Amino acid sequence: MYIYLRKLFAMLATVFLVSMITFITFEIIPGDPVLARLGVDADEAQIRALSEELGLDEPLSKRFFGWITGLFTGDLGQSIRYSRPVSELILDRLPVTLSLALISMALIVIIGVPLGILSARYGDRLPGISISIVSQIGMAVPSFWTGIILMYIFGLTLRWVSPGGYTPWSVDPVEAFKSLLLPAVAIALPSIATVTRYTRNTVMEQMKNNYVRLAFSKGLKMNAVLFRHVLKNALIPVITVLGMITANILGGSIVIEQVFTLPGVGRLLINAISVRDLPLVQGMVLYISLVIVVTNFLIDIVYTLIDPRIKLR
Amino acid sequence: MERTISEGTLLQVRDLKISFTTVKGDLPAVRGISFDIGRNSIVGLVGESGCGKSVTALAIMRLLPSNAQLSGTIDFSGRNIVAMHEEEIRKLRGSEISMIFQEPLTSLNPLWKVGRQIDENLKMHTKMSGGERFRSVIDIMRDVGLPDPERLYHKYPHELSGGMRQRIAIAIAIACRPSLIIADEPTTALDVTIQAQILQLLKDINREKGSSIIFISHNFGIIREICTSVCVMYAGHLVEVAPTEKLFCGPEHPYTIGLMKAIPKIDSKGRELYDIPGKVPSITDALPGCPFEPRCEYAFERCKRELPQFKALGDQHESRCFLAGELR
Amino acid sequence: MRRILSLLIIFLAALSVFSTERIVVAVMQDPDFLDPHRAAASGTYEMMFNVFEGLLKPDSKGNVIPAIAESYSISPDGLVYTFKLREGVKFHNGKEVTMNDVLYSLNRLKGSGEVRGLSSDFEKFVSKIEAIGDRTVEITLNTLNTDFLDKFINAIIPADNPDHERNPIGTGPFKFVAYQPGQRVVIAKFNEYWNPDLPLVDEVEFRIIPDNQAALMSFMAGEVQMLPRLDAIQADILMGKYNLISAEQNMVQLMAINLAREPFDDLKVRKAINLAIDKEEIIEIVANGYGTALGSNMSPIMERYYQEGLEDYYKTDVVAAKSLLAQAGYPEGFKTKITVPSNYQFHVDTAQVIVEQLKKVGITAEIELIEWSIWLDRVYTGRDYEMTIVGLTGKLSAYDILKRYLSDYPRNFYNYFNPRYDELVNSAIKQTDIDKKAALFKQAQVLLTEEAVAVYIMDPNFIVALAPNLFGYNVYPLYVQDMSTLYYK
Amino acid sequence: MKRKRVSLYIGISIIASLLAMMLVSLFYTPYPVTEMNRNERFAPPSAKHPLGTDNFGRDVLSRIMKGSQTAFLVGLIAVSVGGIFGVIIGAIAGYFGGILDEFIMRLMDAMMAFPGILFALMFVSIFGVGIRNTIIAIGIMSIPSFARITRSGFIQHKEFEYVKNARVKGVSNLRIMFSHIFPNVLSPIIVAASMGFSSAVLSEAALSYLGLGIQPPDPSWGRMLNESQSFIALSPWYTIAPGIFITLIVLGFNFLGDGIADLQDRQQ
């Protein structure tokens, strides 16, 4: 039980570290949130009113601890740019980014892993070569370029999906899924290729082991050996890559949300940074670091589930 | 020399050739060997590493890599394994013929419980229900001398000692009561005390379960301990076949004689160890005549040109040498 | 029974969907404030123009016409403005507009007691706001400001509304429905609008799509029916298939020159730069021809105050430019930097054309892209730049446009301090006679041109694309989308 | 066997040709890279302009050639910065484990969680604007991915016999890590490198949007891809050209990496 406590502490330490860096960064990079919001035509009286309301002149340490204490009561503070609670803004857009991440992660695992195994099995023969070439190209194509092309083909010419239109899950799940599928594919494509290559490499490596020969000597078919014995052993490095891919998906979704005009957290983050909306950026960095820290924690857990030799340290 | 199939023979190998096609051309690993495995006998396959004994074993199981070429016949109770379809031989693997490998640590799947790895065999080849299989696995584990099988069932390979892991491998091999077990140097990686227990175990299995065993090793001491008859291999050829005691008391082929001399004796303290001159020919060397000719003391002109045939020396003792029977 | 009832409701709702006429408009940014007195960004007024009205409101010609006020009069000395309230004007919450609301709104702008006002013009110029009976209000200025009339388009809002930001209430043709940050602002028809025959559609959604390529795609796919501020290049793509309307948008794109920096304090250098730059080429390459060349800080759409002919004052002349540079002591030219905000591709492209043009006279200009917030901080406030390109959105009052160059203007980032110019502009604002006032503003423009304070490039035309069946769009000389006159046919 | 060398040859040929183009562009391009031509805007690919012209009438081929300098610069420096530090950090964390590993991994999580764009903004505001600093920032941003992959490789391999044997023989930890374990962990790292390369080239594009990447009018493939986006309907070739070249250079390094990894595997 002690291990889990230590892990929890480590996770909180990371989140605290990231939040502190964010605060310090905002002190370093120039740019005044009040002017960024009101723009060039702002009237002096309006600038004064907003600056007083935001209280930006308080010392850094006071604001940081104010934010931390607020954290415990679940209050992430007020967004400077939108004058709304940060938590409300994030929760409003979380479903898009989360469902986008989940769909693309599902695509990556469902397509990437089997493809990797197939290309490992038919290594030198035609299917093996063609899979690896396609996966190479998939990895190389810039994701927002694929986004534009997909949008062009399915949005404008084939009209299967309405570009720029996003219907929330609560309104119409089918429509919501349709509008998220294309962007999810654009995000997933490069990562599918990566997972395919990883799985192929690790499966081929595992095939050299003696336990594979033992499995064959038991009279198992090739597929049975691959999926019952080799796959589980080959999954460990693949899962590490999946951990890393979560970070790419979060990063990738920023660009893809822009191309498909999806109201996700990614776009909000870019916007918040450019208008120096510290509380909002802080809230989102918190959310992103939680997602990453939790995913990595889950990965460590999955390691121990798969490989009894590895203990949770 | 034609051999009739007597009902006492389980496996008959006739003129088995195995070569591997590689970028550097075809490498002949086994250059035509013939031998028989009698029912519930333990036959030793012995020779220095690289003589083709492991490849022969894998050939019997048809587990050679895709670039291997097989010719000749391996007759297993009426059916030629070499000609079998993959589906056919696959049904035999694990049920009729099974195999034990050398490396206990790496030959078990590290991520599976040991019990389940035994159970998989039963699942593949029997119609037993889950409960029956579990009880059967426990019995088998007890047969191979594993303490407290109920607890051990749920352990993982890395939690067991080398000896115990090899016992699990043996349990896997005997799960479906195969008629033939191929043991490829099963005790080499174990220390002496455990080695003796494993050998005793194999002997018990052979006696009680009636499975014949092909025991592959380079250690004559072990061979003498466990085998009923021995085939000596050299550079892809079979050079001498004989019942165990006959081979150790009266080896006929120069190579076997040399090997016997090389075995250090208790009373040979202080005397220089004998070593066969020269080195084992590489797989790519063409060997027109007798393969052992370059290192043979008794070699003469004819040995260079012609490959000697087997000469029967009575009581199933044969040697592939022109001077067979005249050397001592 | 209950099941049939619910089916009926769904059916009715479905029916209403068909009958409600909706227009989806693509806009670039979120509103900065929904509270009208605190909103400053032009992008906000563009939308909320449909929700709020002041005592007066602008018409499509750029004049101010009565709205909540029925009529108005200005005292001979130009100091006292008297407004007579219109009968039966209602707020979106159904309540009638009372004198108390008018006073509350005007005082909120002027500020009362220790609470500072939200409009520095009201704070500076207004001395007294007085109600006469419950239908007339009188506002007295402390000094003469003939452009002050335009200030009365500031919104009148209900005094008893606790949260103007989350729940904005006005008197305009549309009432506020919802705002989802980063996604959309939705407004709907206000049935009790004082002008009964407006608006013509039931609902308008301003959908926030910052990426102009994505906006174009949504428009072509029919997701969006109106695309204001179309990218000039994209206009060619839509030409013919959709109806496009383009006009000057009263915006001045200029390349500001930091007069406090060597060598730009020398008039000859600034003249040379103006002579080197070919505005026609910039308009053709960057704005795809959709632009009107300028000579000074005024767009021709402000007809009454616009000084013609200044755009040809510096006819492109490389030889003359080089000789001027030589006279100023830079025969070989010099190196300089053009700082441009990175998120305005239009200005970035302009800078790239200018770099090529300046090369011809020996000036090697390097482009330095900086992020918008840094630009506001370093250039607009800190005045730490050599040359920069920016677009200033138009205002109804000429004074508001030209006051940026006054010596005492806090954001005079040109560092232009010319008492002659101050005198011209400050006296113009005091001039009640329109013609005299216009003449003074025109002289001020000539001064800016003669002194080459900046390079006045163009008024980039405003292009709006409308769905084929959408009609009734009026172009305004300022950042406004009047949705009340639009209808489907 | 044959297939392994095929990917090596494809990789080498693609990279060689792109490298040749880049070297040529150092001193010759068909047209001056920033020369505009008013009446040849959006010209389709022709003999005169093999890849057509952009919205300023500039020759796209010349800009692609010049842009290749940035692509190689950004890709190689970023991947080497990220790779070297990432692998070292990952190796230490994976090999030694314990508290050190815990600390390093938490630091990596923090770096991964921190938005890259914010980091680049901060890095550049401290160390000054310029393509050099932007590239280093991109490099630092890719350290966590290398570290994580190397660590997982080291964790797995340190359990193997050959490592235990080396320890028993008294070989120093450093030698074990870098001459024994590292070669066995090379192939996943190479895959990470090619992945790092492509994301580096694309982050330059994203950062150039914030004014941090290559300053115009100098071209970079990322920026060209970004800017050409709004002309996709009018002159699709202007969008396709940078897209293809970015794909090509990443593909080239992928195949190269794949080939090296396989060659290296086969030697064992």
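For reference, chains read A, B, C and D in written order, and residue numbers begin at 1 within each chain.
By our rule, a residue touches a chain if its C-beta (ideal position, glycine included) is under 8 Å from a C-beta of that chain, and two chains touch if they have at least 3 such contacts.
These numbers were taken from a predicted model, which means no experiment stands behind them.
Visitor: State which chain is most central when centres are taken as means of Cα atoms.
Guide: Chain A is the most central one.
Visitor: I want to compare two interfaces, A-D and C-D. Which one has more contacting C-beta pairs?
Guide: Per the contact counts, A-D leads.
Visitor: Among the chains, which has its CA centre at the largest distance from chain D's?
Guide: Chain B.
Visitor: Counting in whole Å, what is the centre-to-centre distance of chain A and chain D, each centre being its mean C-alpha position?
Guide: Centre-to-centre distance between chain A and chain D: 20 Å.
Visitor: Distance from the CA centroid of chain C to that of chain D, rounded to the nearest Å?
Guide: Taking the average C-alpha coordinate of chain C and of chain D, the gap between them is 44 Å.
Visitor: Using mean C-alpha positions as chain centres, tell me how far chain B is from chain D in Å, no decimals.
Guide: That pair's centroid distance is 53 Å.
Visitor: As a quick test, compute the distance in whole Å between the mean CA positions of chain A and chain C.
Guide: Each chain's C-alpha centroid was found; their separation is 39 Å.
Visitor: Considering chain D alone, which of its residues make contact with at least two other chains?
Guide: 1, 121, 210, 229, 232
Visitor: Taking each residue of chain A in turn, which ones touch at least two of the other chains?
Guide: Each of 29-30, 148, 152, 274, 309 in chain A touches at least two other chains.
Visitor: Which residues of chain C are in contact with two or more other chains?
Guide: In chain C, 213, 343, 371, 374 touch at least two other chains.
Visitor: Residue numbers of chain B touching chain A in their complex, please.
Guide: For this pair, the touching residues of chain B are 61, 63, 90-95, 98-99, 101, 103, 106-112, 120-121, 124-125, 156, 158-159, 169, 172.
Visitor: If you look only at chain D, which of its residues touch chain C in the complex?
Guide: Per the stated touch rule, the residues are 34-36, 38, 41, 55-57, 121, 129, 208-212, 215-217, 227, 229-234.
Visitor: Going by the contact rule at the top, pick out the chain A residues touching chain B in the complex.
Guide: So the residues of chain A in touch with chain B come to 209-211, 213-221, 229, 232-233, 306-309.
Visitor: Okay, in this complex, where on chain C does chain A touch?
Guide: 30, 32-33, 38, 40-42, 111, 116-121, 123, 165, 180-183, 207, 209-211, 213-215, 217-218, 220-224, 343, 371-374, 376-378, 380-381, 390, 392-393, 410-411
Visitor: For chain A, which residues are in contact with chain C within the complex?
Guide: Residues in contact with chain C: 29-33, 35-46, 48-50, 79, 81-84, 89, 92-93, 148, 151-152, 155-156, 159, 162-165, 258-261, 263, 267-268, 271, 274-276.
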